Every structure is written in C-alpha cells, then in structure tokens.
Amino acid sequence: MSRLVAAVVAAVMLVVGYFHVAEPVRAAEPLRYVLTNTEDGTWLDTFDLTAADVPGGAGEGWRVRKETLRGGVQDGIDLITLDNGSLSVRVVPTRGMSIVDVRQGDFRLGWESPVKELVHPSLINLESRGGLGWLQGFNEWMVRCGLEFAGHPGTDEVVDNTGATSSVPLTLHGRIGNLPASRVELLIEREPPYRLRLRGVVHERWFMGAKLELATEISTEPGSDTLRIEDAVTNRGGTPQEFQLIYHANYGAPLLEENATVVTAAKRIAPMNEHAAKTIDAFANYRGPTAGFVEEVFLVWPYADDEGRARVMLQDAAGERAASIQWSIDELPYLTIWKNTAATEDGYVTGLEPATGFPFNRGVERAAGRVSTLAAGETRQFTLEFGLHQGREAVAKHAAAIAAIQNGRPTVIDDTPPVE
Amino acid sequence: MSRLVAAVVAAVMLVVGYFHVAEPVRAAEPLRYVLTNTEDGTWLDTFDLTAADVPGGAGEGWRVRKETLRGGVQDGIDLITLDNGSLSVRVVPTRGMSIVDVRQGDFRLGWESPVKELVHPSLINLESRGGLGWLQGFNEWMVRCGLEFAGHPGTDEVVDNTGATSSVPLTLHGRIGNLPASRVELLIEREPPYRLRLRGVVHERWFMGAKLELATEISTEPGSDTLRIEDAVTNRGGTPQEFQLIYHANYGAPLLEENATVVTAAKRIAPMNEHAAKTIDAFANYRGPTAGFVEEVFLVWPYADDEGRARVMLQDAAGERAASIQWSIDELPYLTIWKNTAATEDGYVTGLEPATGFPFNRGVERAAGRVSTLAAGETRQFTLEFGLHQGREAVAKHAAAIAAIQNGRPTVIDDTPPVE
Amino acid sequence: MSRLVAAVVAAVMLVVGYFHVAEPVRAAEPLRYVLTNTEDGTWLDTFDLTAADVPGGAGEGWRVRKETLRGGVQDGIDLITLDNGSLSVRVVPTRGMSIVDVRQGDFRLGWESPVKELVHPSLINLESRGGLGWLQGFNEWMVRCGLEFAGHPGTDEVVDNTGATSSVPLTLHGRIGNLPASRVELLIEREPPYRLRLRGVVHERWFMGAKLELATEISTEPGSDTLRIEDAVTNRGGTPQEFQLIYHANYGAPLLEENATVVTAAKRIAPMNEHAAKTIDAFANYRGPTAGFVEEVFLVWPYADDEGRARVMLQDAAGERAASIQWSIDELPYLTIWKNTAATEDGYVTGLEPATGFPFNRGVERAAGRVSTLAAGETRQFTLEFGLHQGREAVAKHAAAIAAIQNGRPTVIDDTPPVE
C-alpha cells in the first residue's frame, strides 16, 4: 500500500510539475513524497520506494523505507532508512530527526550505547536525576542538542509568564532530541546526480517560552560516501530568542580503538574541567575500553580554511579508516571533543561536536559570550558534511587537508579549564 | 465502518429503549453512542453520524465526527467535532475534554497559540521549567484548570503516604487538562429540540492523593448559537478533599483587537500583582498585538442577577461581534480577566475565567478562604452557557443585559493587589 | 489471526525441535511463542492459545490470551491472561511484568485501588509531588520495586556523567514497575505436568547510570493453585552496580477484613516509624476499613526452615481462606508488612513484601548494610511461590507449617523504630 500511496503522490507531483514547466529552461521540480504532515493529518505507517519505482527514473540502486516500531520503549517510534546504494542512513523522526547510524558495508558510523532500543520521547523525563533524563534515550550516532538550551544541567534565569525573572532548572542538552517531527518528506531531484533529500520539521515551542523551529534536510547522492545535513533554525516568536545548538556526533568501535586519534586544526584547546586537565597533553589519543573511565572533555577553537571551512577527523590506529566532519566556522565556531572510553558495556564512545558554543550550562555560556540570539522571524543556517574514508590513502589525504588548514599556525593548549 | 458501528449501537439502543417504554407517558430515551469506555474496552478510532443517520429522525443539519490524529506531538489524540448545523465545536477527549474552538461561519471562539498542534499528555511534563510545563500544550479555546489544584506553581503543603505533612511543588493549573477521558459518549434527545449531548468522564486520581472525577456534558441544540457546559465534580475518595476549578476560556483575533472591550457587572475589581496595578484603570480595554507585552491579570468579584446568574462579554472595537459567558455566582463566585495582548506570533489572547477562586497558588487561595472542600462522595455542579453574538443589535442587547445586572450598583476598584 | 500466528510459530518450533532431537534421551523442547521482541520487531496486538490448540497436546483446560487496551490512561497497555484452568493470572508487560491479580473462582489475590485503570508508563511522572508519582499507577496485586533503587523518595548520592558525586532525588519505589518489557514469550513444556511459563525481559538502563536487566518467569502448572515467580536480575554494565528489589504483593477485601491476621515466623519485628510504634503489639491483626487511617509499616527479620525457606500468610478472620508466600531467606532476607486499612474508596489493602531490604530511602538502607551490589555481568536469582488456601483445614495446615519454622524460637519485638 505504501507503494501505491507513493505512486499516487508521484502522479500528483507530476501534475504539479506540469503547471510549473511553463518557464522554458527551468529544471524539473523534485519528486516529493509526504510521509508525515500534522497540518493535514498525513501519516504513513510504512513506506518503501526504490529507484526503479520512480516514474521517468532518478538514478539507481537507492531505496528509502519507513517502518513504525512496536513493543518495549520503542513503541510508536518511526524509523526511516535512506540507502543511497553505498551509504545506508537511519533517521528517527520521532526523536527530533536524529540519525541512528550510517553504514557502508561493514563500516559504521555509530556506537553501542547501553541503551539498546530507540526510546520514545513519551517515556523520557528530561528532569529526572537532577536533569540528566536525556541520558535515558542517548544512543544515536548524531543527535542535536538544543535549541532553547544545550549543555549541562543546572539553574539559569528565564522570564516566566508573569514577566518576572526566575531561576529554573535547565536539563542536559535540551528538548530537540526528544521531540517528534511534525512534517517529514522525501524529495528526489529529477536531474543527475538525483540527490535524495529527507526533510523534517521539528517545533520546540512553548506558550510563554521559546518558539524555535528546526527544519532539517539530510541529503546524499546515490552511490556517494558523504552525507550532508543542512539545518535552518528559525525563531517563530515575536521577540528575540536565545538559542544553542550542538551537533553531538558519536563514534564507537571498531573505528574508535586504542591508539585511534582525533585530527583537527586548532587555534586553542582547553580542558573542560580539572579532570580533563590531567590528560590535556594526550587529548588527541584514545585509550581502549576502560572500566570506570570518567569522561574527558576538551574544548577546541578550530582554525578554518580560506573558505571558512573547519574540519575534524577520527581515524583508527592503523590509519586505514576514518570519519570526518566539515562545517562552516561562522555557523559553528566551536568544537568539543568528548572522550568516553569506558567499558564496552557502559558505552565506549567519543563525541565530535561542532557547535555554537561549549557544553557548559547556558548561564556560563551566556557569560562567556557564546549564546546567540535570533531576532523575531530570523533564521540561521547550519551545513555539515560527514564523510567516510576507507583505505590508507584516503585517510592520509584527508589528514593532509586538515594539516593544510593548520598550515603551521600555532595551537595554544591550556593547562587549566577556562575561568568563566 | 464507523457508520456501521453507529448503526449497530443505535439498534442496540432501540432495543434497550423498547424495554424502558413500559412506563406509559415517559419520553423516549435518548440515543446513546459509546465512543470510549475503558471499563469494557470500547474505543472507536473514527466515528461519523449525521441527523439523517438517526433511525426515526432527530432534527436535521447536524453531524458528529471523531478522528484520531497521527504524527508529531499530536499522535494518538482523539478529536470530536460536534456540528449543530450552525456552531461547530471541536472537543479533545485525550486532553481532559477541553474545547479547541467553536466556529459559526467565519466567527470563531478560539485563538492562535504559538503551540499549533494539540499535544498528547504523554509528551507534557507538568513539572518542567519550575512547574510551567502546562504551557507546552496550551492552545485550546476552553481548558479547565484543576482539580486538586489550579493556579500558579509554587510549593504548598500536602499529606504524604506516611501521614506526614510535606511541602511539595504544585504545577501551573493542575492535571485535569492533560488527562485522557476514560468514558466518552454521545446522547441525542429523541424529542425536539433534539439536544446533542457529548459526555466525558475524566479521573484525576492517585493512591494516597485526590480521587476527583470530572463528568462533563458539552451540549447544544441543532441550529442554535449557544453552547452549554454542565460539569459535575465528585470526590470519589473516602475522606474530605479540597478542589479548585477555573474555566480558562481564551479569545484571540479577530474578536480580540485594539479597542475591544470586556463588559461585566462587578462588585470589586483588583489587580493580581503590581504590574497589573499600573493599568487597572484601563482594565476593560484591550491593546492591539504588542511585542514584549507582559500579561496583566485582573481579579473580579462579579454581581449576579436575581437568579444568581453572572455574565461577562468580550466585544470587538466596532461593537458588531461579541462572545459571552453566563454562569451561576454560587457555583463560580470569582472571575479572572487575563490580558495577554502580546505579539501575534507569541499568542495574542485574553482569558475570561469564571472560577471557584483566583489563580494564585493554592496556599494563597486557601489562606484567603477560596478553596472549597468536597466531603467523601460529594458532587458539585457547574453550568456555563457560552454565546456568540453577531450584529450591532445583538451585541448591544447583551451589553444592556449586563448593565441591568450592575443596575447602578457601585464597583470598587483597588489600586493595589490584594494582601493575602 | 492470533491463532494463525500461534499455529505458524508452533510449526516453526516443531521444525526447530526436529533438529534438536538428535540427542537420544533428551526431553522435547518446550513450545515457544514470541509475543514481543523489540530486537526483530515482533509484536502481537492480540494472542489466544488454548490447550486444544497445541499440536500433540500439552495438558488441558488452560488458555493464554493477550489483548491491547485502548482509551483513557490505559491506551496502549498490553495485558496477558494466563489461565491454568484453576488460577487465572493477569500480567502487564507494559508495566514491568507486574501482575494485576490472580483469580480462583470467587477468590482473588488483588485489591481495589482508587486508581482503577492500568496506567500507561508514558503518563506517569515518577518525579511528581516530591517523588511520589509512582502512586498514580499503583493498583496491581504484585509489583516489583527497584531495581536501581526502591523505597521512600528522598535525596541520595549518585555519580554523575562528569564523575562527580551529586545529590539527586530518588523517586518512590524506582522505575522497574513503569518500564515496558522488551521481550515477552510463552513457553509450554512438552512433558507433564506441562508447566506454562510466561517470560518477560525488562531493561532499566541509562547511559551513565544503572544497566540492570530483569528477566522474569511467571509460571504455573495446569490445574494447580500455586504460582511461581522466578526472576533473574543482571548487571549488564561494565562496573559494579547497587540494586534494590521489593516484591510488593498487595491484598484487599474480602480476604483482608477486620480481624484478618498475618502469620509469620520472625526473629525480630520493628515499627518503621513512631506512628507504627504505637500499634506494634497489634501488628499481626487488621482493622476493617477506616476513613483517615494512616499507613502502619512493620519491619520483619524472618526465620527460615532448614532449607532456608521463609513464609508469610494472610488469613481471613474465620481462618477459612488464606494467601501465602514462600521464598528463600538468602535471596530476600527481609519482609515488610504494610498495613493500609483505609476507607474502601481510598484503597483498603495490606502489602506483604519480601525484599532485599526495607523501604527506607536508599541512603538509609546503604548505611544499614542492606543494599547489595552486583559485579559487572553478575546475575542474582529470586524465586517466590504464591499459594491460595481454601478451607479451614488447608489454612490451618499452612499456619502449622509456619509455626514449625518458628519452632519456639524467640521473637524480639522493638518498641521503637530502628536507629539508622
């Protein structure tokens, strides 16, 4: 039936396209399949579309499926698998359009969290355990932290419904990762390279609070080994609104292993706390799984290339496989490296986290000048490219590109946490 | 299939009616359609019944539909549209039998909250942000606040499971608006004017806490322009139980606009806080949408007519359209006027709120003698009539009726908030 | 369709069994029906299997059904009825494999909570009302309290994500009773007495927190009047983990009544607080329903028989009916007797609670040496037998068995609560 729905939608789109073709040299409109739209009640329990299903053709080898999970704490979760023929990307609209993992053959971006199931937001209490409830559902490869606030729990001041300033507890990493998408659609370009675009809109809104909208596009080209995330965050409220955004991308074994390294071009690196200060000299090197390991967090002020692009890469011990992120330093000026090389059973993982700031509590971030504000109606764009690099040559080539950004410029390494 | 279900239920009801007709001059039993009953597992995903479907006839022009919403934060919400042929009323059993809006052609009772979707209670954490979580789902025209407590968040004393008195945080406006109805049924009178009655039962109960039941009937006559709410609140516990109840009826544009006015007959009017005190002289007049506007709340001790009926009306600037509420002063002795003429994007709205008290925290209300107690098994009734008035003449007529209640009696206007 | 599914599964199992029969004298593999498995997406909305459905036969008279509840606060709850032909046991996988009740004709283990519906965990906020949210869903006959913590709410110290020790609020009786099972399966022995085994696996896991697994088996033999619970609690984390476990078995009218008594063999009995101290001499006797009654909790250090088995029994005033529990004193060294003989409307009930400790806050329990720790990967087993005894002779026989455990040994009765 999902095929039927898809075909009907495609037919409708062709008709829509027909009326648009009036402009002479205009490219064809992309095919558009609506999977969820709360405004008109659209919801598909399942969906399945392959390159061969597209009328007129749109590349080959790819497939997009949706399923709705049942049972346990995952009951009601929807999961979309976007397979470009080379990369297979699993996206969870129900959990803020987070990305579970990316697979290329036996190479996987992702990690083994002790939380095995995708957890439905209705079962998460962000306030629990002193504001650490977010950790009850933390297992995706890439989860956004934000939008009204991100970072560590703790009290911060807000304006309440009476106009008074009151001190309220903020919860770890905010709400956006535990809010279901209100709109989900798949777009397929009609022209080569037939880019596949999965779009989602998630609203983080309160009456008397932030009205922030995340419109994300997760896209890839058939057969390619890169994934692009293009996000737009908009203040839908009538007054200025602070926001914070961290791209919490998490990597586990086998890419993460003893002697794996993180490669970046940095202007400055600082430990987040006294504990991390002890190992600041080894910040680029990873240990194997270590029972009782306490997280070490390093704060990075990255260098960018002439086009303002920053990069970070995690490579395995042998330099044969790596995963990289590229992004704009203007959009995301800070990078956090989170090392959590705990026992395998407790979650052996590292986070590479380009962000608008560092993961201190919002009060600390504001004082340090790292909290941005959106005017009423204003939109801010964020684009990140995620790559997989297989083979010694490919890894070395990307490492060289990062070295070229550093280009001999100095890196200041702080012995102590920032005083802020 | 819903039609089929309805027909079968109707047939069953006719049979039931047959056995009841033994009494000679007794009126026919109303038709009864059960949409939800958790006791026997009745649940209809959809329902659709029109006047023409009723065996033997029951007026004309009306239609009652139910749908179950999917996707986003509204996933699983059930929504009933009760259309009497003139008024179309949308009720949300999943959210405590709140009323989304009432439409009469292009005239709508309701408002545009920045929270656009109906939010499933499972995604609301009433405790969040210092007890303001209720605001994450606030967008209906009429929502009840209560029942164990209503009003502002803050600590109050309760008796815990060990019999000890402990201080616990109460959350804004209580739980009743975020509890799904356990029973929902539609009754249709067999005699003219064939009143349509939508009934719902919502339980707000704890072990070691309040056991309060709300049994609501939302009713209207085919073709009429009034809506009646008849609520019964019962203490199902074995010991006396405090309760609070606010009818939070909310009106936005276009009825609310610059120079719109609120009309009432008042014995006394006071500002709720120092901020509202500044504009107490203009309490009856509204501003247009104003970015950064901070809510102004006014407390009203209404006058009633000889039959104990109080009234309040909101009219547009031109006096061409108005919406009114009538209620019993014995049942609901207090009225709160909540002015929130913020930017359109932030929710431009005013609340007219007949209640058992004012929206201070329960501790304050108790000290002021405005918290009622129900004995074990006791029931309290509340009846409100909501009207729509179109045309200068109709509006003026209703304004005159309110003036007749005031009847020259004095209104005391306080310059400062009550000291309590 | 559930029958069809069952038949297909059975057929598959027979084939699987075929390959296993290679070992000559091995007993046949039990039939296995998977109702829920989140790993492969198995979920049955309904299920229905009787003795007659089993290929080759497996006793007679029994039936196992599953339904999924709709509407109200029970929407989405799954409920399994395991009827052995004599006892009918209702189990709720969605609520941590708790047991709603056990019926034998008109004899029922269970109670009438003021909370009438089974409440879906997504609607429970354990943190609410100062950590008493668990009471919003408390109505089952047998609910486990635990696993990371059980007992009274209050602050205790935990290690947070940064490795720091922080003081966080623990909630009443922990999370395990409000977590849906991730795997549910029914096993039926192929050999007499054809024991029916309902298994469930519930994960209580956090990233940066406990990773505890409950694997329960609720089993009974066709036609018998006993029920066995065999639980295995495993630490799936990589470091040692504290845990607490209370079997909160609750009994109401008519078994509980004025002059009903609790029978046990005790080394020591103490009141939990000053309030209970007042009635310590009457700890074994129950009052009738009493409006305003404040719970009385008694702490018992039980004696065991030569095989290390402890017993407790609740019998009615006439000594004609009783319900008993047997368990291993090594597994569960403590017993709590919770008397809550409140008004019928408020929940007239007593709890007999074998446990790893007493229901003080974990901080108190740790200081008293009653909190156990599981090493990484370690499993602890718990086995309890629940019996129904009808007829004066059967009751007297069980009372004699308990007296034989006491065997004249002294019971120390404390006048005051333990100082700890």
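Letters A, B and C mark the chains in the order given here, with residues in each chain numbered from 1 onward.
Throughout what follows, a residue touches a chain if its C-beta (ideal position, glycine included) is under 8 Å from a C-beta of that chain, and two chains touch if they have at least 3 such contacts.
All of these numbers come straight from a predicted model, not from anything done at the bench.
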Same or different contact residues where chain C meets its copy chain B, judged by the half mark: different
Rotation, 0 to 180 degrees and nearest 5, that superposes chain A on copy chain C via CA atoms: 120
Whole-Å gap between the CA centroids of chain B and chain C: 42
For chain B, residues contacting two or more additional chains: 76, 122, 125, 127
Interface residues, chain C side, partner chain A - complex: 36-38, 41-43, 76, 121-122, 125-127, 158, 160-163, 166-169, 171, 179-183, 203, 205-209, 211, 236-239, 376-377
Residues of chain C that touch chain B when the two form their complex: 67, 69-76, 113-117, 120, 122-123, 125, 127-130, 132, 135-136, 138-139, 172, 273, 275, 289, 291-292, 294-295, 342-347
